[in-house]
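A short write-up of the structure that comes next.
Think of it as A, B, C, D, E and F in the order they're written, each chain with its own count starting at 1.
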Amino acid sequence: MFELGVVYRNIQRADRIAADELAHFGSATVHEALGRVGLMKTYMRPIYPGAQVSGTAVTVLLQPGDNWMLHVAAEQIQPGDIVVAACTTDNTDGFFGDLLATSFLARGARGLVIDGGCRDVKTLQEMGFPVWSRAISSKGTVKETLGSVNIPVVCAGMAVNPGDVIVADDDGVVVVPAALARKTLDAASAREANEAEKRAKLAAGVLGLDMYKMREPLAAKGLKYID
Amino acid sequence: MFELGVVYRNIQRADRIAADELAHFGSATVHEALGRVGLMKTYMRPIYPGAQVSGTAVTVLLQPGDNWMLHVAAEQIQPGDIVVAACTTDNTDGFFGDLLATSFLARGARGLVIDGGCRDVKTLQEMGFPVWSRAISSKGTVKETLGSVNIPVVCAGMAVNPGDVIVADDDGVVVVPAALARKTLDAASAREANEAEKRAKLAAGVLGLDMYKMREPLAAKGLKYID
Amino acid sequence: MFELGVVYRNIQRADRIAADELAHFGSATVHEALGRVGLMKTYMRPIYPGAQVSGTAVTVLLQPGDNWMLHVAAEQIQPGDIVVAACTTDNTDGFFGDLLATSFLARGARGLVIDGGCRDVKTLQEMGFPVWSRAISSKGTVKETLGSVNIPVVCAGMAVNPGDVIVADDDGVVVVPAALARKTLDAASAREANEAEKRAKLAAGVLGLDMYKMREPLAAKGLKYID
Amino acid sequence: MFELGVVYRNIQRADRIAADELAHFGSATVHEALGRVGLMKTYMRPIYPGAQVSGTAVTVLLQPGDNWMLHVAAEQIQPGDIVVAACTTDNTDGFFGDLLATSFLARGARGLVIDGGCRDVKTLQEMGFPVWSRAISSKGTVKETLGSVNIPVVCAGMAVNPGDVIVADDDGVVVVPAALARKTLDAASAREANEAEKRAKLAAGVLGLDMYKMREPLAAKGLKYID
Amino acid sequence: MFELGVVYRNIQRADRIAADELAHFGSATVHEALGRVGLMKTYMRPIYPGAQVSGTAVTVLLQPGDNWMLHVAAEQIQPGDIVVAACTTDNTDGFFGDLLATSFLARGARGLVIDGGCRDVKTLQEMGFPVWSRAISSKGTVKETLGSVNIPVVCAGMAVNPGDVIVADDDGVVVVPAALARKTLDAASAREANEAEKRAKLAAGVLGLDMYKMREPLAAKGLKYID
Amino acid sequence: MFELGVVYRNIQRADRIAADELAHFGSATVHEALGRVGLMKTYMRPIYPGAQVSGTAVTVLLQPGDNWMLHVAAEQIQPGDIVVAACTTDNTDGFFGDLLATSFLARGARGLVIDGGCRDVKTLQEMGFPVWSRAISSKGTVKETLGSVNIPVVCAGMAVNPGDVIVADDDGVVVVPAALARKTLDAASAREANEAEKRAKLAAGVLGLDMYKMREPLAAKGLKYID
């Protein structure tokens, strides 16, 4: 959060396979697999429903009302990246639209996560370029003040280091530290394997109270049934 | 609001026919039929558009970050119920997802109204299990602290008693006290009968000013036209 | 903002051609063409996605919980108008629904922009009557207190004079002063002509850094690259 | 919440001694004594610091932008009452000022809790009439639409019945159901007796970890210390 | 709202006597005297309690995170002015602190109303320079992008023209159009003369119901008393 | 953000002298000295005005509605520390009150910064224990779920590492990374030395436009004066 005016060109991206495969599990499962941490604030919403992606973070620190650093970031994108843009203050301006998306897509980006506003949402949906943002706004921005690219940032309440894995879908945006990517993938796989069986039981009418053996701990806490 | 750690097993559900038929009218008409009361706060939004349901309330009081009581509530669901979950404090965590939905559906629930967060929204839409919530969030919850089931609660600013009728659609969530269900159904029917004729007149270009005879009372209040 | 209880019947509408053609460009381009001003607050959202309209403003000042003036406004609508409704205080009640929409449509209105709530959203989508609002709410309103029609208002943070051009789409709502309508249309056209070429270059992998010649000014501001 | 246009003249007020003495303990202790329920939303703030009161609730349901029912409520006030005003929708208008306060004070009211706005705050502080409100606002209100007095209401997320005990101070506003007033007073007294000894130990440097014997349960949950 | 990069040097200030004397009445009385319009959003709060001022508006349009135009505005201040600063987007940065306050004070300004953030609040209170703002924030701003001075702006939801009268106190900020200043002063005086007598009656226990003769209109609307 | 259930006992605290002396400069000057970064969200407010402190951070990660980790943190406090408490989700419960404050004070803590609620604010002011919080709330919390102590956290939008310097006053809360503490102290001293002279000039009527030599760059950007 503390260096302005710098661009780190060489970042350590998370394990590629883990970064790619985590998309399959979705943000809720990955969040659980991480130990119930890593979720950005719930005000981050997809600009259109249905996208589900994962990738490695290229981070950007923006200044309010100024999208210059997104142009700088474009050059640092490699295929499989997701750009994560924080801002030095709360701001909902439309930092990003279809032209930047065209450029990001040409560089191989899989999406954008921005703690700010986005515009041209109809075109972005047609292009299939997913964005998670705090706002949708037509308001354009200037190119006057330096931020940084590929420094550690806080985006929507979550610390993100360049190279971390981002998992985003309709449920939200989760950050997996690069060092935990493979371990999280394993945990997510194990968790999902587990879920199919549970789902079948629940669909057959078995109660979670019984399946998870909750009746005894509930009674121990003092739960009382009254007829 | 004042009893923690209890589950009421026998609740008095509203008149079944009224509880079922009110869905047809939608929340706006039912709200008017009730005398313009009963609407939950407008931050309660459907997780996907298009659902329109009514049913009898099974109420739940949750603790923040803890979904234990939803498992307890599942056992109390009867076909035609809608679960209404309040929380002892503002909280947006993802208390509810596809596994609980599978269980609720198996018990005959028609939906969930939760003053908290919901996750797995894409799956829930595929399953056709509607949820009205204050947030969408991947964040999972613990099972540590007791709340209650089937006590009176305040959900999104509205008092709900177990057995009350819930009417929910894209316009919001309305609570009809059990004792008023039948009367409200009658009023809603009368109101709707009335609307077709009005709509035809308005479509033909008749002004509300004339149809509702507003010109005189407007003039009496002092409205002035300036050319 | 300062006259209550008046209806101005003769307003000066913006140049018709400009008012009609600005819809084509969308709110983001028009906002830029205006010099990056004129956008309403981003809490104004379309009640359904995909609509893109422009038209001349008929303005309304409402009182909280009271939609009387919308009925008064209906009479002042001419084909090609968009009704812009402000309120004397923050209020999310459902001032507008399908009956009023039927009447507005019969009068030739192209949509409604309301710094308040809207209801019957499913029906409004079926009718194809677009609304931009701060909330969706079933709550009905009374008809007791005078506001005004066709006075200058502030709607969602933006000053609107009767006859101004409104451009609204999924990105937001922009207000173009009547006197600037033609000039703004020209600027938007020029801007768009410009964009196709840029888009092609960016899609081919040219960086904005080079296309916009940003490397030098960035260096001048002190941007440092670190390997 | 469901009856409009009625005033209940005879309400059952909570035990007078309990209603009066609970002020001494403050909202935090009373909230704990009630079993950690009963607190209104934290957006309810005192208009000036330092007041600490308790009393019996006279309830009011207001319409947005309309303070008529506060005048109706004045007549129902008895010495030792606190007026609790809810509104049928979110509204921050200045429903209450120094004239109404003069009247309420003459009737023996100890304060006002209003899920809406308040004005004349400097004069109210000089008068020593405490108000807890969601907003401060100069905006005046009309007298056009009926609400009710002394019906059950939901105020700032909490259900309040006429005659319940209200405890309010700088920490917030707690509602004690009339039937639990005496029992809550006893629990609060016991709790407070307990606190002096704890405070002395903590001031002497004893850790809560030891005083509350938390080390074992923390270890059982898996807490790890790393040097 | 639509001209950027301009400073109007000659503005028509409101009647001096009215601009000065309105302070005496406070924002609530002035708001009523204006016909219940003119109040800025209630999120505008004084940075310290107790100040009550009025003066003529020097308006500023700021860009987010940029306070350059406040320096430009300083030169346009004349004794008796209050600076009113709007921003092209929602922004809470600390645009204003003790250095600018020193300069504004030296020019004769009576205060600042800013739809943004303010810092150095302790020093400002010591200096006796009152500010009404949407936030308090240490965050500094840049000097890169042009806004304007003395154009019409919308500040916190209210249209302000240069030269209008601003009345601000603990209850909020009201804007009186220059042309209405004298008339509003007369109305406020009349209103206040009226209040002393009312206050005395209410203090003596007369009910508003009787003093304002409300019993009949309440009955006509259908109010029912239930014993 | 990613380790739950751990307590780091040995943390590297920032340079003591810098950590102590930064209080003198206040959050605004320190924020500038850091290069305009490091400020927590502006919703963090002091529970009473006037406190101005700095110290070294002991960090805590809380679970919603659960203050267990604050008891664990107490043991890790050394004289000169400020406790910084984040939460895994947005939560306003009253995690902290006078008993914990007594314990923290006995351990030598200078204050608490908590992205959650605080209670007993009147007593805390009497004790002189300053707290910066997002809310004031009577609501008590449980002791059921593990968080962590002295791990890196994000508190109110800002990354905080254990041992970092916290500077807090009426303007907000700034985080200075431990490694930058001495350098920031130097920069703040230089900045302040500079301010006295500026203040004197401005007080004498010199305009910032002239003192900062802004007229030329403003003209270069195109600023126009209109008479």
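We adopt the following convention: a residue touches a chain if its C-beta (ideal position, glycine included) is under 8 Å from a C-beta of that chain, and two chains touch if they have at least 3 such contacts.
Everything numeric in this text was worked out from a predicted model, so none of it was measured.
Asker: Touching both subunit C and subunit D: give me those chains, sorted by label.
Answerer: Joint contacts, listed by label: B, E.
Asker: From subunit A, how many touching-chain steps at minimum until you land on subunit D?
Answerer: Tracing touching chains, the least step count from subunit A to subunit D comes to 2.
Asker: Which rotation angle, from 0 to 180°, best lines up the CA atoms of subunit B with subunit D, given as a multiple of 5?
Answerer: 180
Asker: Shared interface numbers for subunit B and subunit C above half of all numbers used, same, or below, different?
Answerer: different
Asker: If you average the CA atoms of subunit D and of subunit F, how many Å lie between those two points?
Answerer: 31
Asker: Could you give the separation in Å between the centres of subunit A and subunit E, each centre being the mean of its C-alpha atoms?
Answerer: Going by mean C-alpha positions, subunit A sits 42 Å from subunit E.
Asker: Can you check how far apart subunit C and subunit E are, centre to centre, with Cα atoms defining each centre and the answer in Å?
Answerer: Once rounded, the distance between the two centres reads 27 Å.
Asker: Could you check subunit F for residues that touch two or more other chains and list them?
Answerer: If we look for residues of subunit F contacting two or more partner chains, we find 36, 88, 90, 92, 137, 139, 145.
Asker: Pairwise, which chains touch?
Answerer: Final set of chain pairs in contact is A-B, A-C, A-E, A-F, B-C, B-D, B-F, C-D, C-E, D-E, D-F, E-F.
Asker: Can you list the subunit D residues touching subunit F in their complex?
Answerer: It is residues 26-28, 30-32, 36, 39, 42, 45, 49-50, 52, 169-172, 174, 195, 198-199, 202-205, 207-209, 212, 214, 217-218, 221-227 of subunit D that touch subunit F.
Asker: So in the complex, the part of subunit D that touches subunit B is made up of which residues?
Answerer: Contacts found on subunit D: 1-2, 4, 34-38, 41, 88-90, 152, 154, 157-159, 177, 180.
Asker: Where on subunit C is subunit B touching in the complex?
Answerer: Its residues touching subunit B are 5-10, 48, 68, 71-72, 74-75, 92, 94, 97-100, 102-103, 105-107, 117, 119-122, 135-140, 143, 145-146.
Asker: Which stretch or stretches of subunit A touch subunit E in the complex?
Answerer: Within the complex, subunit A contacts subunit E at residues 63-66, 88-93, 137, 139, 142, 144-145.
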